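Right after this note come the structures.
Consider the two complexes below, in which chain A is the common component and chain B and chain C are the respective partners.
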Partner chain A sequence: MSDTHAQTVAFVRETQIPPAPPPASETGVVKWLRENLFSNAANSALTIAALAVIYMVLQNTLPWILNGVWTTSSLAECREILQGKTGACFSVLTERWNQLLYGFKYPSDAYWRPNLALVLLLFAAAPVLFFDLPRKLLIFTAIYPFLAFWLIWGGTLMVPVVALLGFAAAAAVFQTFSKSSFAIAFFGAIAAAFAVWILGGLLIPEGASENAWLAPVPSRDLGGFMLNLMLGVTCVSLSLPLGIALALGRQSDMPLIKWMCVIFIEFVRGVPLITLLFVASVMLAYFFPPESTVDLFLRVVIMITMFSAAYIAEVIRGGLAALPKGQYEAADSLGLDYAQAMRLIILPQALKISIPGIVNVAVGLFKDTTLVSVISMFDLVGMIRGPILASTEWNGVYWELLGFAALLFFVVCYGISQYSQWLERRLATDHR
Partner chain B sequence: MKKTVFLGALTVAGLAAGAAAAGTLDDVKARGKLNCGVTTGLVGFAAPNANGEWEGFDVAVCRAVAAAVLGDSTAVEFVPTTGKTRFTALASGEIDLLARNTTWTFSRDVDLKFEFVGVNYYDGQGFMVPKELGVSSAKELDGATVCIQTGTTTELNLADFFRSNNISYEPVPIETNAEAQQQYLAGSCDVYTTDASGLAATRATFDDPSGHVILPEIISKEPLGPLVRHGDHEWGDVVRWSLMALIAAEELGITSANISEMAAGTDNPEINRLLGSEGTLGEMLGLEADWAQKAVAAGGNYGEIFAKNIGEDTPVGLARGLNAQWTEGGLLYAPPFR
Partner chain C sequence: MSTLTDPPNEGFRLSMLINDTRYRSLTFQVIAAIVLALCIWYLGNNLIQNLRAAGLNISYSFLGDSAGYDINQRLVEYDSQSSHARAALVGVLNTLLVAFLACITATVFGVVAGVLRLSNNWLVSKLMAVYVEIFRNIPVLIWIIIIFTIMTAVLPGPREFRGDDPSASMLFDAFAFTNRGIYTPLPWFQNGIFESTAMNWLLILAGFALSWGVVHQINVWASRKQEATGVRPKTLLPVLAAWLVPFLALTMIMGLTWEYPELKGFNFTGGIKVGGPLIALWFALSIYTGAFIAENVRAGIQAVSKGQTEAAAALGLRPRRVMNLVVLPQALRVIIPPLISQFLNITKNSSLAIAVGYADITATLGGITLNQTGRAIECVLLLMLFYLTASLVISMVMNVYNASVKLKER
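Up next, the complex of A and B:
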């Protein structure tokens, strides 16, 4: 019937035509540019403006950085080499790097000690920060503060050992009595710790530090970025438990505890940090006899810890308030007591909600440690503003020094913020 | 180091502050170290060098006192103080002596209960302007914008000066000297005013120091000197006469180069009394007979200290001016050693 067969048709295509490449405007870099940078007139204008700004910034900074002088011994020599060209005088960093990092009085043959303490800090912090690691590593975390104290301040090993034994005794007493009565356990633990410290203090021979294996370094000789890191790490790690306790205390049903916490938090939040630092450095000297003052570093740590604990308490209170009431009631209906309910049900959820706020306080606190330069402690900023800019060689170098300080702080703060984002992802259980 | 962080916190509470206040001189001798308050850093006056050793004009006073009292110019614990912490540090006994370019004023001497023992630098407030402005006197500054550090006496002096000359100005308040340098160089103000020594030090750091002039008018008196606590006169005498020994040594021609040969005895009885080969001046102060010899040997006489730290051959480049000996038209006048 039909004569049309496949064989009779002149040409039938048997293979697929290879796909033609997309139009040049719809592929690769061009497409990305079109979609992201030049999608409409307004965006195009903004892109061009942004490019112009970036160009102007680079045009001014790149020659300054690339022409930088690294090897002179004073600003005047830098200027001689540059002969009026734009260029940074980075030699101040190469000559004074040790002062910027460790302060100008820390003995230079002992720089390995804070360095080692910093490396060990990474190991000590790891099990706390990354809870997939084996829990046994926490033993090292518990020893670390005493080890770091011994490394940085030097002196006799007896002091940190006695301090550690005091805490160990307190823990042992608490464990023993906590089953029968919380009050006995709590106060017994405090008494045990003090007993060990006082007895141990008597046992340490006078002058034991003088010929100790690690030469003692007084607190006044600490400085530079090391001081910022030490203050930041110590105060953050102390203020977090204190802040949790204050937040829980503020929610307590016991009026005495509740009002003590409320007054503490509101007082500290109502006072500027710099006022507290002045009290620590200046006023306390009036109250103590001149020969037996509390170490300046300790005074500053106490003040900054108090300050940030009050802020962290408020952040955590926000987390507690965000939990539905049903969670508290569920814990009660399971027959959990207060401590168990908080530890197993309430705090894990409340703390997870509070992470961004806590990290915010921690970053702010770390940067606030530069305020100690006003009470004549030579932290990184204090070193720059005081001794280095006041030396005849380097008076007048600002951008290089403060840029270096900004870089150091940025690295640490960005690290903290990245960690907190990882933590939030890791703890996300709500399958959004 | 037995007083550690932990144990120290416990022991302090128990110790009463009421221990009988021994004289500062005895305290310093017993301690074997002088606690000397200095600034946290001021070009030429006090700053640690690359090795962490303190250097400068005020530092030299501390070293001379330490040498006179303890015989060792390195036996000094330098306690850095800011403008805000300096007076409490001295009043609370944290430091024995404050040598921190502090202006001697009535209220500090009388009301704050301190004792200024002398003047080691006569300063005064001056003005710096760019040369291209073509100004040769501060009285031509009508309508100028002036960079001024807030909260200092310079601010009040400035207002007084412009009001009494009946000319107007616009203040640009700034916080620190470093900020002032940047603002002035960026042209936010026509004039920068602070102490003349500070102006000279600031100008020395500029790319082109010759493009800026310091105007001849000095509009205030700023006698800077070391001070001690009120009431301990033995200690005040030691510090006062250590400073005077440096000044007198220059007047008498005693330098760090010739001091050992002069100490053996000279024809000039005043030199002999000062250096201890005659008389009992050291004993009267409660010090060794060669106290002044050690003080001068520590860093040279006043003129040598000046030339080494802030003199015309240094980057700060200050002329002696008012700080010359009275025999050369200056104000330095050490009372007789007799």
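Up next, the complex of A and C:
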């Protein structure tokens, strides 16, 4: 039968036709463009408007950046080279590079010290930020603050060593007694630390800093972006423990402690940072003993730490409140006391929930360190507005300098927020 | 059968102060109270000694003295003979002015950017993401300085508007952008019903209140009709008329005219002058805070689950009504609380005015007055008191509103 059929039909295709490609408008770039940029009239209008905005921005900035001059020693020379063309005068950055980074008074032969401190900071921060690294590196993190203090301020090595020994003694006492009673261990540790500091203070000879290996640098000589970084790192790390204490205090059953914390937090959150910096610069000196001289840097650190501690406390309070009540009850039913329950059960979970908020506060705080320029400290913004723009060579170079400052802050802040997002993904233990 | 016995009645022992939970909290609080009292005594003692050594005392009588400095930007009468208290009042009003303006524009920027960031147009949503990231990650102080620099260094001076072939010209012959500020036309009434301009403007405001009442009545009537007949009557024309007629009638009667800024001598006169520092602060605060609000708005809209939109569509609602009746009311509940704290941030960040010389409370009371009189403690305390009050009032007002849009649960 099949033979007859084969004879009557002229042609039978024995293989399948390969599928035809989809229409050109439904594949690849064209499809993507149609779906994402030109899906309807309103969308097309938006796209064209956005393109126009991008074009205008690039048209104004690209020639300015590409024609930039990097190697002159004043604005007038820049203008001579450019001869009326648009172009940036980036030579202000190369010529004043050290001033922008270290301020104008930090001794130039000592620039390696803050540089080394910054490099070591990366090593010290690494085990805190990335917990896959071996835990033993944390020992270096513990030593780092004292090392960095010695590197940046110079002077005799005795001061940071005594300070470190005080903390070491406190830790040792705490370890010994924490098995029996938390309160005894806690107050014993404080007493031990003070004992070591007072003894050590007596041991350090007068004028030991004068002929030390690293020449001492007074705090008022610090400046530039280094000052912003130092204020940011110091205040964030100091305000974390203070913030945790305040948050726990606010949750406390003891009315007196609770109200002390509430009043402190609400007061600090209700006023702008500038007023607190005014307190640091003009008012705080009245509250110290008459003959003492506490330098401005320390006063500013105290006030900024208080400021960010109040905000961090509120973030952590949110984390504590988000924990189910069962966690507290479970800790109680295991027979843990308050310190153990907090340390082993509550805080690890609450802190994990509060990480994004804490990072937000840290980024905000780092940006707010620029405010110290208002109370005439020469941080990056203070350097730009003060000595550099006021100099005869660079009077009028606004955009290069402000753009540089903006870029530095953007890189650091954006980096921190990207880290926090990575950490959140990393710590997500719930499988949703 | 066993009976429960009372625990043995022990006498009070000293160790119970630290080991017994009944007494322990008392012990800790007593210790805290003692430490607090010691701290206050120590600081207060230092303060008294330092003040005595410097020959100072705490007194607020300097507020009545003549201030002796001028303020360009002011909302109330003030001259250099006025008192420090008056200067502080000028500063308070200026702070409130810039905070109010910035709150409004920041909300507009934030809502537009937040909604556009969720747009399904790839380019626009990426552009908005870039805006948010750039403005969030650069300090607001730098933004204020950048915009202030544009205002003072880039815009032309008034003299460039002069001559037969000026290098700068006014926009629509009405707006002049100069490095001394922006000049806009000033509306005023030729034959106002009241003597004072403020009363005339209040009258216009009363006209709008009347319009709002009438529009509300029209809507109520339309809803009743819809419930009775199932068809909503068309209300567009009456509503438009209700809004426009009282306003137009009032302005016609009072003869609303515009006073245009004019170049006279070396500067512009007439019209409203908005100073460069105010513009810089206003614009920088709005565009910076707008980036934060955009993120809040985006989070709020994304928090409304997709099922809600689909359910509304299944009920046959049109997209606009889905947005107005279903998505927005739920999104607002998520957006409002962070929005309140952004408004608080704007109020507090307005204290950065001191960096560009805008005469807000920080610049008058905490700046010039403090430096002239040397009354650091009094000035800083008053400054903090003002900001605390402002923060508390804003959060109170917003909490009332927040409570009214909250989910009504059992």
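Definition applied: the second predicted complex is superposed on the first by the 405 of 432 C-alpha atoms of A that agree within 3 Å, B and C clash if a C-alpha of one lies under 4 Å from a C-alpha of the other, contacts with A are read in each partner's own complex, and residues count from 1 in each chain.
Everything below uses one rule, namely that contacts are C-beta pairs under 8 Å (C-beta built on N, C-alpha and C of every residue); 3 or more make two chains touch, one makes a residue touch a chain.
Note that this is a predicted model, so its numbers are computed, not measured.
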When the two structures are laid over each other on chain A, do chain B and chain C clash or fit? clash
Please work out whether A:11 is in contact with chain B alone, chain C alone, both, or neither, and reply first, second, both or neither. neither
Who does A:385 touch here: chain B (first), chain C (second), both, or neither? both
Counting only touches as set out at the top, which of chain B and chain C does A:256 meet: first, second, both, neither? second
Thinking of the overlay built on chain A, is A:163 touched by chain B (first), by chain C (second), by both, or by neither? first
Which partner does A:198 reach: the first (chain B), the second (chain C), both, or neither? first
Once the structures are superposed on A, label A:396 by its partner contacts, choosing first (chain B), second (chain C), both or neither. both
After the superposition on A, what does A:275 contact: first (chain B), second (chain C), both or neither? second
Taking the superposition on A as described, I'd like to know which of chain B and chain C A:76 touches: first, second, both or neither. first
Tell me which partner A:213 touches in the superposition: chain B (first), chain C (second), both or neither. neither
Once both complexes are aligned on A, which of 187-195, 259-267 or 313-321 in chain B overlaps with chain C? 187-195
In chain A, both chain B and chain C touch residues 278, 282-283, 285-290, 374, 385, 396, 398
Report the residues of chain A in contact with chain B in the complex, numbered from low to high. 75-76, 79, 95-96, 99, 104-105, 149, 153, 155-156, 159, 163, 166, 194, 197-198, 201, 204, 206, 208-210, 216, 220, 278, 281-283, 285-295, 297-298, 374-376, 378, 382, 385-393, 395-396, 398
Which chain B residues qualify as touching chain A in the complex? 1-12, 15-17, 19, 39-44, 46-50, 52, 79-82, 84-85, 88-89, 92-94, 176, 178, 181-182, 201, 204-207, 314-316
Chain A partner contacts - residues on chain C that touch it in the complex: 18, 25, 28-29, 32-33, 36, 43, 46-47, 49-51, 53, 116, 119-124, 127, 133-134, 136-142, 145-146, 149, 153, 348-349, 351-352, 354-355, 362, 366, 370, 376-377, 380, 383-384, 387-388, 391-392
Contacting residues of chain A [partner chain C, same complex]: 36-37, 39, 43, 46-47, 50-51, 53-54, 181, 183, 253-257, 260, 267, 269-275, 278-279, 282-283, 285-290, 363, 367-368, 370-371, 373-374, 381, 385, 396, 398-399, 402, 405-406, 409-410, 413-414, 417
